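Here subunit A shows up in two complexes: once beside subunit B, once beside subunit C.
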Partner chain A sequence: MNKLLDSFSNFTYRNKNFIFLSFLIVPLLWLGIIYLGSLLIFLGHSFFYLDGFTGQIVYEFSFKTLIELFSSPANIDILIRTVGLATCVTIGSAIIGFPIAYYMAKFTSPKVKIFLFIAIMLPLWSSYLVRVYSWKLILAKEGIINWFFEKLNLEWLLDTILSTPVIGGPSLSISYIGMFLVFTYIWLPFMILPIQASLERVPNSLINASHDLGANKRQTFYKVILPLALPGIIAGSIFTFSLTLGDYIIPYIIGTSKFFIGQAVYTHQGTAGNIPLAAAFSLVPIMVMVVYIYLAKKMGAFNAL
Partner chain B sequence: MLKALNLNNINKSYGLIKALDDIDFIVNDGEFFSLLGPSGSGKTTCLKVIAGFEAPDNGNVSIFGEDVTNIPPFKRHVNTVFQDYALFPHMNVRQNVGYSLKVQKMNGPSMDRKIDEILEIVNLTGYDLRKPSELSGGQRQRVALARSLINKPKILLLDEPLGALDLKLREKMQVELKNIQRQFKITFIYVTHDQQEALSMSDRIAVFNNGKIEQIDTPANIYSKPINSFVAEFIGTTSIFNKDSALKLFNLNKAFSVRPENIVILETEKDLAAIDKKQYFITNGTLADCQFQGSHLKMTYAIDNDCKLSVFKSLEGNINQKYDIDIKHTIAWKKTDITTLNE
Partner chain C sequence: MLFRKGAINRLNQAGLGLRFGAIAGLLFLHIPLLLIILYAFTTEDKSYQFPPPGYTLKWFEVVLNRQDIWDAVSLSMRVAITSTFFAIILGTLAAGALYKTSFFGKSSITILIILPIALPGIITGISLRSTFGVLGIPFSTWTIIIGHATFCMVVVYNNVVARLRRTSPNLIQASMDLGANNLQTFFYVILPNMGTAILAGGMLAFALSFDEVIVTTFTSGQQTTLPIWMFSELIRPRQRPITNVVAVFMMFITFIPIVFASYIASKTSESEGATK
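Up next is the complex of A and B:
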């Protein structure tokens, strides 16, 4: 018996893949079947369609649903609105997140860095819904922002901003500006952390070398630091972009009555029972992300990796 | 004559640690000047102060007569070859080498010509489009060198540039660096912890220890006239007798050191009779270790229990000579061959 165990242990030492695979099989099955499998089946539904009379799903391969998605102006509106807001949120997060990440990676002591890490992660420890609702109160007409503007006698300024077509609304809590603020707040950690990680990997000697070769601070930033941080910015933007594309709670709580992709998916698969159209809507964020990552790669965003 | 570099009472502390303690030296134009010392002795910090990456707490730095203490690195006419080469990973060899021209807004044929020229000097023609990650250690080293030489700086700072290379390549690059220095006629300030490298390349050496300079002199003087036991021990192989041992064994009231090649082993009575005893220090030792080192044997003797003495015995004539451990020998060296040391 001992001898058998002994030769088994010899076997596993020589055949490292055996041990490796036997540990990996469960997670692989999970990822393959439960995760990717169900996702593919769901997305595959976009090639079926809903019978208009019976309200039953017809399980036949057809482009009817996809054509319906891209031919209805209302649906196109939803797509443009969602992608537009996701773009703004991503750019906003990057602009706010980069300086924080840069400070964390290059200028802090280890103690301050840990403090900042906790400060950035802290909001993620509380409920997402609670945070969104508190923003609803902050942004509301009776909320602190309005109060602040009133105290400064700047109500007219807020009113001017809110009366801007498209992005404005009756109050901050029912407008695209409000949604932008809340989305940027909620997803900011996902932007800061990858940028911080990528900047952390830029050795200080590279920055010194750039100065040494005659580049001033601005040139060093654009020629060395930014290109090397780009993979981190892209990684962060993948988070903020895709999370915004798929979210339906913030548009529901903060937004106007106009739909976003997440809400469209929610309504179509729920009350309307139109799973094919819901699936077709979910395809869009995935396709947008594929195109985005492809373009980023083409432009050399990952060259420094 | 205008001095290339003048460091005046430079002090630099990190918290409680004094990295540089009253550093004061002058480097002549065109000189190959080495900063030599063990790790943590302050030599790299000193280089950073010269390059401008670190500001000294007090004291000043002047380059060719101009006080640059408060001038940022990108306005100083010095360039640095970094220890880890610090090549930009997202740029190819050409872009790396041309970086300093690019930031000066130079472009077109004049820039191309300059890059081609310098790549030829460092033997990297044809590697233009490779990324640093696709180069060997030696090639990266050459890119770093080309990048810092392309602007013809007045002073080139080198921070252990050969530290990561293997022995053969290192010896080859030592010769090439020396050739480049002669060709460009620029001042080299060379940081190293390798005493052999410092001795073979430098015009003058500053020996660093604990943030202080122990001695500045030519390699020959540093080797033959070390000022104290630290320098004597750090440079080459040497044996040191402290004051007590010197008094007890040789009736000499001073610590001293002696180089292994100056010691003779007197194996027979005839050998002993042959030397003039007035001119020699003579003592007995027990062989503690005997190492074959190619051209010679390195023999370590224990003398009087607490002293160790290293001797090089030439293997001329008989390469197979061997000695047993614990054998007793009479050993001697000329009184003029010792270096007295200030403790």
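Up next is the complex of A and C:
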């Protein structure tokens, strides 16, 4: 037995790829069959269509469903709304996240940096649902934000914000502002970490040089620091953008009754039984992400990860 | 000289605006978590009134006596432990296979491992659900586990690959030169080196699985995991004080493995496990 094992060991030592690839079989079968198989079958449904009379799926290759997706105004509204919100969330988290990342990268002692690092990881890793729930508490009419505005006698300000068309609504938890806040909160750490990583790599001598050459703080920031942080911002935006595109929990719990892509997918596959249209909707975030990641790669965002 | 000193000071101190921005950002990240803890003690049970009118511990007792919540916790635990087990095996195998070899299609396989966590959960969920439907597989704990193991694999993979890249290949060579066979090399050399990375990856996988709701919605049928219980309360709040307490519990049960994983990572002076 031992001899057999030894000769097998010799064999694998000489043929390294053999043993490496034999490792791969199980995970590859799992991912390839269970996951990729299911995924392709589901997405493939977007080339079938639903018979309007019988409510049955017609398994016949056709672009009907994809045409329906991009021609119905209601569907286009959903797409635009989702992409618009994802864009706002990305910009919002870049603005809120940048100071933390900048401070972490350039102005802290190593100890404080570790502390800040944990402070950013902790919300990222604590329960997603609980974090969404916390905003239900915050945005509620009797919640902390309203209390805060009341204490400062600024109710009129909040009312004005809420009565703004488009972004406003009957209350914070039923408005785009609310959704924007929750999404930004949930994905913010994904933005901070890559920006921090990219700023970490900006040598201090470069900033010194900029100052020595007579640039003031503002000029140094806009001409030196910000361009060098851009790959980090783009890398972070991949997360914030794509995660917002695909989420259906937050629009479900907070926000108006207007649909987002995730909810559209959910409803069409569920009660409506229109799996082809659900699959077609699912293609949109995937396609947007593929294009986005391709462009980001071109701009060097992945060096910042 | 004086000028230089001034310049350095200017560099090493953050401006007031930057400090304010950083502090505001950190508060934005943490106040919601603190509020969750605060609300678990409120005496108010009909609304989310702030500040709470009074404080009490009674909701903790109520939750402890709720069988449905214990059932959900136990299901979530079983799912998380089993999925972590599968994720560790699959992720470690994939890491072992991919870290050093190069062959045609390798990058596609790497993408395939990342894909389940990169794509929106709803797409993964519906895909698995319709496959189970077509194959006539009834929903069970195992259908949840299949979904979870698929997207948990990647965190184990990331951790182990990072460790393998830092481990000297000479160790394996030395072990083999000294006459150890495959199994001996694996158990005496490779595994002790990989142990903490696998453990850290497993911890993250556990936290990821315990908290997952989207894929679970589609693969659980009528079963209620803790996140699903929470989700239904979020849509239609019926038992606010109980939800508050469960929220605190969920927050801490995912904290513990994360803190543990980063402790392991810091002990081995590596920052692996840092990225989700």
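Definition applied: the second predicted complex is superposed on the first by the 248 of 305 C-alpha atoms of A that agree within 3 Å, B and C clash if a C-alpha of one lies under 4 Å from a C-alpha of the other, contacts with A are read in each partner's own complex, and residues count from 1 in each chain.
The definition used in the following text is that a contact is a pair of C-beta atoms (placed from the backbone, for glycine too) under 8 Å apart; a residue touches a chain by one contact, two chains touch by 3 or more.
If you're wondering where the values come from, they're calculated on a predicted model, not measured in any experiment.
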| item | value |
| --- | --- |
| Touching partner for A:203 - first (subunit B), second (subunit C), both, neither | first |
| Which of subunit B and subunit C A:219 touches, first, second, both or neither | first |
| Which of subunit B and subunit C A:228 touches, first, second, both or neither | first |
| Residue contacts with subunit A in the superposition, subunit B compared against subunit C | C |
| First (subunit B), second (subunit C), both or neither touched by A:211 | both |
| First, second, both or neither for A:42, with subunit B first and subunit C second | second |
| Residues of subunit A that lie at the interface with subunit B and also at the interface with subunit C | 208, 211-212 |
| Residue ranges of subunit B touching subunit A (in the complex, touch as defined) | 51-53, 72-74, 78-80, 82-84, 86-90, 99-100, 102-104, 147-148, 151 |
| Subunit A to subunit B touching residues, read off their complex | 203, 205-206, 208-216, 219, 223-224, 227-228, 303-304 |
| Subunit C-touching residues of subunit A, taken from the complex the two chains share | 2, 5-6, 8-9, 12-13, 16-17, 19-24, 26-28, 30-32, 34-39, 41-43, 96-100, 102-104, 106-107, 116-138, 140, 142-144, 147, 185, 188-190, 192-193, 204, 207-208, 211-212, 217, 242-243, 245-249, 252-253, 262, 265-266, 269, 275, 278, 282, 285-286, 289 |
| Residue numbers on subunit C that touch subunit A, as the complex places them | 7, 10-15, 17-22, 24-26, 28-30, 32-33, 35-36, 39, 47-51, 89-91, 93-94, 96-98, 100-101, 103, 109, 112-113, 115-116, 118-124, 126-128, 130-131, 134, 146, 149-150, 153, 176, 180-183, 185, 204, 207, 211, 213-214, 227, 230-231, 234-235, 237, 243, 247, 250-251, 254-255, 258, 262, 274-276 |
